[in-house]
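In what comes next, subunit A is part of two complexes: it sits with subunit B in the first one and with subunit C in the second one.
Here is the complex of A and B:
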């Protein structure tokens, strides 16, 4: 059984037929049916992903026709992205209720989910590009889903233009690699090209940097991050969660497959370049976050900073095993924390109509569950022990020392400490400052369930991180072994 | 029974944590039960710690571990050795007494649920620090107490004027010196965090080279020190870890947060900022010092670490004492004094590594930790009662109170005497032990300066302590008190629930003082046996230090001189001390210098707060909005591609968006969009520029062969 091959008909099939519901059902049933169907499809998809390693772990690395590789690495990432998609879809039960075009929304969501999971398994550059577009294009539409809202439109357009640019960049990079190595399959690239003539080295550099720029766009690395605050602010906030916690993570798995497996062939030393990118990304993200006035932009910059931490692991991936483990670990923890924070913000935005930080004053008493879960998520993002964010950062920073980049570890710790300043400020506003109103606000079930579930994951994996760490470790060792 | 003993070290810190989590539940039932249960859970921790005492006295160690992340060799565990059991018992009982005191002191506050939650959460985390068997878990507790400290300093978050600390209107270098509780909380949090960062970085380095966080493993397998030394990181790692202690224990250069932390409720000051949390740093040094001392191949490798500790300790002791001498608020005087006394403890622990006999300074430091925790907690609780009774925090607003508050007076006299170092009180013995240990240090030539500073500090300690006693209890009642009297507020003794806790601690001070010498011997015996047992390279030379005549004479002279001056001016009131600063410009300058905290506070604020704020604002404005903006307007116009895209954007976005808005509105929306969002063409430009820069950077690295 091949997980990616099951996911295609499962998620793709449902997504394709979902818009028909628009015709079949009328009124409230339309949204209700489509949303529940989407949640069900994602649940089944998750079950499929989990089922595989539980039943037949030995068949795991069987690859299907050279396009996919059914390994633990792919499973790990598809688990993360599907989990995020599930959380987003479930909270959308309430968030999108009564809005026009609900079936379309869920259909696009499922397409994105499919694209992300396929990306997790892809080992062929062409397949990577196809899955990349499958993931990206629906999100352009989703970002502009509030079609009467100028901000949403503007965000979508900016996102689309830069997204198209980045896709083009990636494609160009891929074509160069094909030209240099004669293959698009990552493992064939690894084996085939024992020697690239020195005269082609400039092309090799160009290929790699085009890929960095293209992927960096989704990974939200500075200086390819400009679109992020706008897109996150304009998009429906649930979609911001999806972009920040989902599609960004999918970009990291591609980066791992390309940079760690295929590109060492080019004999380029990219360690220092990545280290500098990581440093700039986390520092700029944190500094900019401190000056923001709205929660969505603050979380956007915080998400940029977190990408910088993850990049630390990628930087030292070839020196120490801890690097990639840290990447995976933080991908998981960050996905959960960021989704929680964004969804809590989505609920608050929906109920109060505001996203500016001033409207968070006194929310603690008015929306207790939302404020509590938001607090836990923010503290986890800041890396406060014993929440899960602490552990993944611990692994990442230790890996930097292992890669002989102690200064990068120091920068990481400093940044992480600095970030607590703005995270804690929100918590202070929610609990200590007095707001304009004190009336209790109803917190709908779909949201509270999702928020509490995610919070439990944050706390549980914080107190006992061993399982997720072991999973990440096995996934990393599956990356190359026994192909 | 044996099984129970294995579980006890866990219970000590888990019980208060559970108590914290249950606080909202009890609050649901009713307020009274919530208050009582909070104290009961603190008592649970104290009793569990006490039950461990027989283990400590018999010299045994309980070490229980459970795997946490096995493949990283990270385990969760508790280490109940004589050191941790002894400290845990002291801490837990003081915590319990302060919880009882709080029931009276905080009575009627509307936010007590939050208060009890933070208090018990604090106690649990503090005991976790003490009982951890590894650095990582200790760091968890470390962050936990920091968070609670922040929450409790800023507890009165309404920031009413009466809760401010510092004199309002007084400015230094253009900065106001009064802090609201929220500001003080934030300040404390940020400043101790500097230490935490240092601690964490040190830990990561230590962990990477040794592969473990566990204290026992670090003690047993000392191979890691070789690798650290060859990487040149042995002393840096140790000093970075010590940086954590500097932050938490408010030592120079991170001492400035503690005096302002007095904006919190006095019970909090007593618990966190006098008796317990600030001792966590001392405890950390007591844990780390022997590990590094033991791991070094030759002692001279670790000497720089211990010299640093000793110097920072003695300098802080001196620095803070000068400020206590001129303090006007009773709580601030006590806070400066706390910083100063912790400096003594650090000095002792530093001296330990510089002597042939490690156990002498080690015991002295921990003895002083104990006696100070007890008498300082009592001093603070007494101060709280005084503030309650007189309605003012200023020493000059009190006076003549010994008649009205007899029990408070007697208790305060005992514990203050102990702080000053009056013979046959606990503080006398412990301070004497530190002085003796300093004399015993064999290493550096600067030891005589350190010793002199320590003695001068002792003189100042005696002076400000008796100055406080004199101003509060002797002389005539102040105008403030007389006015209150006229308004019908009579000064009265503190209620029993507040009074009893600090009289108990005063009794303990007296009791330890009476058996002082034997107490010290016992402590020495227990700790040194443990050191020898746990560390292969630490050898104990003699059974105990005995009495060092030089040290004894110095400490007697110090208390005599300092005490006499204070007696002359403040108790007998034979002369007016304000005349000194009025008539002598040098004295006035010195007074200002001390009162303005050597200008360190103001300088820190300028350098670290104002400039960082400015920096992040400027960076954001220029890097995110400005630079790219400027570059693109000058360059983009010439680029056909960009202008095509730009036109397209203009037609489709800007026009579409601002459709129907008048031209004035159009300008406005352009401005606002630039501020909050930005323009697409610039983003595309930035993206391409980014790629180009990346290529340049990479080529640079490649061509110049820079490596790290």
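Here is the complex of A and C:
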């Protein structure tokens, strides 16, 4: 049986019944039980995703009418997003403790996780749209989860309105593609797209632009990024981690499936668009990050800049295989680093009550584990060797040279060096500057376990990146495979 | 004749949509929203899609619009938040018009007008078979999506008790 078809009843079933715990349990048991159940469900889901390729070789039968394609590409992305969801759920054990509506928080988290992992496997535009909404709608609510916090309300409203608009543009693009090709299945579109008459070419370009705009919203590409800093700042910080490391990655897999498989005839049109978008996204993200005063906004802009790096790989996807390998590699490394950074920020925010950068002064002595993991994550984000961020950026920039876009590679390297400025600045504040207080702060177990585990992944894949690289390479070759 | 109906429906849909947004009295806004949704059903009939038209009427006009009108009447307040129409709004209107004109020009640039619809409207049975057989998984996920929206909406709407 296909992995996505097992995930639907598994995660969906738990998520639907989770709110009942609100009625069944009282007091502390309520949060405890629902969080453990969510973590367990995600662990089982991860096991299901890993189990299939171990026992039976993936059936690379891209049936022409199928909604899902059970390939390594989907596997790779669903592993990444489920891992992020698991890290977020585990650290929420402490972060959400004693807050109202805990079971609903975990229920919505599982719905989002299901939507993201289904997106990874979807090869039908209708399925993509439905999974996209299943991923998005719970995050609108999660962003506004602090009901009595005006900032959280504002963030949710902004995210919701722009999110609805982006879903609308995606739907518009999809309906144009369906009108042009007569199919919603990506592989059938591939076959039909060579037969689009010239007189309809302008409609095809319009469809592509609408899809870039709609997907770019979630991928946080620059002209569509306005909501990101506000949403990340207002949302519970664990949810910021989910948005930045999870939903964004799921948008990239959709972009790969649609732009690389389904619309290659339009290649010349989108390559330059993507190259320019990548350039302005990383440059603007990095420059804006430098001027931020709170950690959540800084990480939000840094996350925008990172999306620019990933887009480099997508730009040269058709010239060199390295492009997509770089995308996958950086999706993985960025997911781990960004989750670590955001979760460390969440812990500090919860314990000190502040998110402004001044409160990070001297935190290194007060919260040693958190500060250490944060430092590793930030250095990895900057691309310092031998951490994993260095290797994935190396692959991305090399692919740009391979795709005859040397200027893009140069811009990427310059941006990367530039970004070290603000990442290292936080590290300096944590260890060298003196804070107002020196008392030790208790670091709860769920958080430290998650942070240490993620840090080990960052260092381990930095020292020995070969397996991930190989996995990414296989996933890319499975993409077209038996089409 | 279809052209005339199309133009009439378009004018109706656009004017009621604008009125729904701009009306000072919320009840009128809700009613004009209902009329807008009804004229959408008219478009679907013109497009030979009676099945979609039927559902548009049942779901949007029958349920959604009525719900909105009831909600407006139940939580009626004298003062509604009014956003001052300033520079930003003017820029928005001009931007929207520009995008609309650009889309229209793109459409005119193609040979879309010469396309002749082929075949007849799909029967209800065909739609049902396709929906269950080919898109069964999507239908399941859609059900989960509705559940998720409902759970989220209930969470946002509920008043948190003190235990």
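Quick note on the criterion: the second predicted complex is superposed on the first by the 470 of 483 C-alpha atoms of A that agree within 3 Å, B and C clash if a C-alpha of one lies under 4 Å from a C-alpha of the other, contacts with A are read in each partner's own complex, and residues count from 1 in each chain.
Following the convention adopted for this analysis, contacts are C-beta pairs under 8 Å (C-beta built on N, C-alpha and C of every residue); 3 or more make two chains touch, one makes a residue touch a chain.
These numbers come from a predicted model, not from an experiment.
One more residue to check, A:394. First (subunit B), second (subunit C), both or neither?
First partner only, subunit B.
Name the contact category of A:20: first (subunit B only), second (subunit C only), both, or neither.
A:20 sits against neither subunit B nor subunit C.
Based on the superposed arrangement, let me know which partner A:460 touches: subunit B (first), subunit C (second), both, or neither?
In the superposition, A:460 contacts neither subunit B nor subunit C.
Please determine whether it is subunit B or subunit C that touches the greater number of subunit A residues.
Between subunit B and subunit C, B touches the greater number of residues in subunit A.
Look at A:130 in the shared chain and tell me whether it touches subunit B only, subunit C only, both, or neither; answer first, second, both or neither.
second
Check the residue A:157 against both partner chains and state whether it touches subunit B (first), subunit C (second), both, or neither.
It touches subunit B, and subunit C stays clear.
Would you check which partner chain A:206 touches, where first means subunit B only, second means subunit C only, and both and neither mean what they say?
Both partners, subunit B and subunit C.
Report for A:111: first if it touches subunit B alone, second if subunit C alone, otherwise both or neither.
A:111: touches subunit C, not subunit B.
Of the two partner chains, subunit B (first) and subunit C (second), which one does A:47 touch, if any: first, second, both, or neither?
In the superposition, A:47 contacts neither subunit B nor subunit C.
Determine, under the contact definition given at the top, whether A:29 touches first (subunit B), second (subunit C), both, or neither.
After superposing on A, A:29 lies clear of both subunit B and subunit C.
Which subunit A residues contact subunit B in one complex and subunit C in the other?
206
Mind listing the subunit B positions that touch subunit A in their complex?
67-72, 136, 139-140, 143-144, 147, 154, 157, 182, 189-190, 193, 196-197, 200-201, 204-205, 207-208, 233, 615-617, 619-620, 623-624, 628, 645, 649, 652-653, 656-657, 673, 676-678, 680, 682-684, 686-687, 689-691, 693-695, 697-699, 701-702, 706-708
Of all residues in subunit A, which touch subunit C in the complex?
4-5, 8, 12, 15-16, 19, 26-27, 65, 67-68, 100-101, 104, 107-108, 111, 114-115, 118, 124, 126-127, 130-131, 133-134, 137-138, 140-141, 144, 147, 197, 199-200, 202-203, 206
What residues on subunit C touch subunit A, complex-wise?
Its residues touching subunit A are 103, 106-107, 109-112, 134-135, 137-138, 140-142, 144-145, 147-149, 151-156, 158, 160, 163.
Would you pull the subunit A residues touching subunit B in the complex into a rising list?
Per the touch definition, subunit A meets subunit B at residues 150-151, 153-154, 157-158, 161-162, 165-166, 169, 205-206, 209-210, 212-213, 216-217, 222-224, 226-227, 229-230, 233, 268-273, 275-277, 284, 287-288, 290-291, 297, 384-386, 391, 394-395, 397-398, 401-402, 404-407, 409-410, 413-414, 417, 420-421, 424, 428, 432, 464-466, 469-470, 473.
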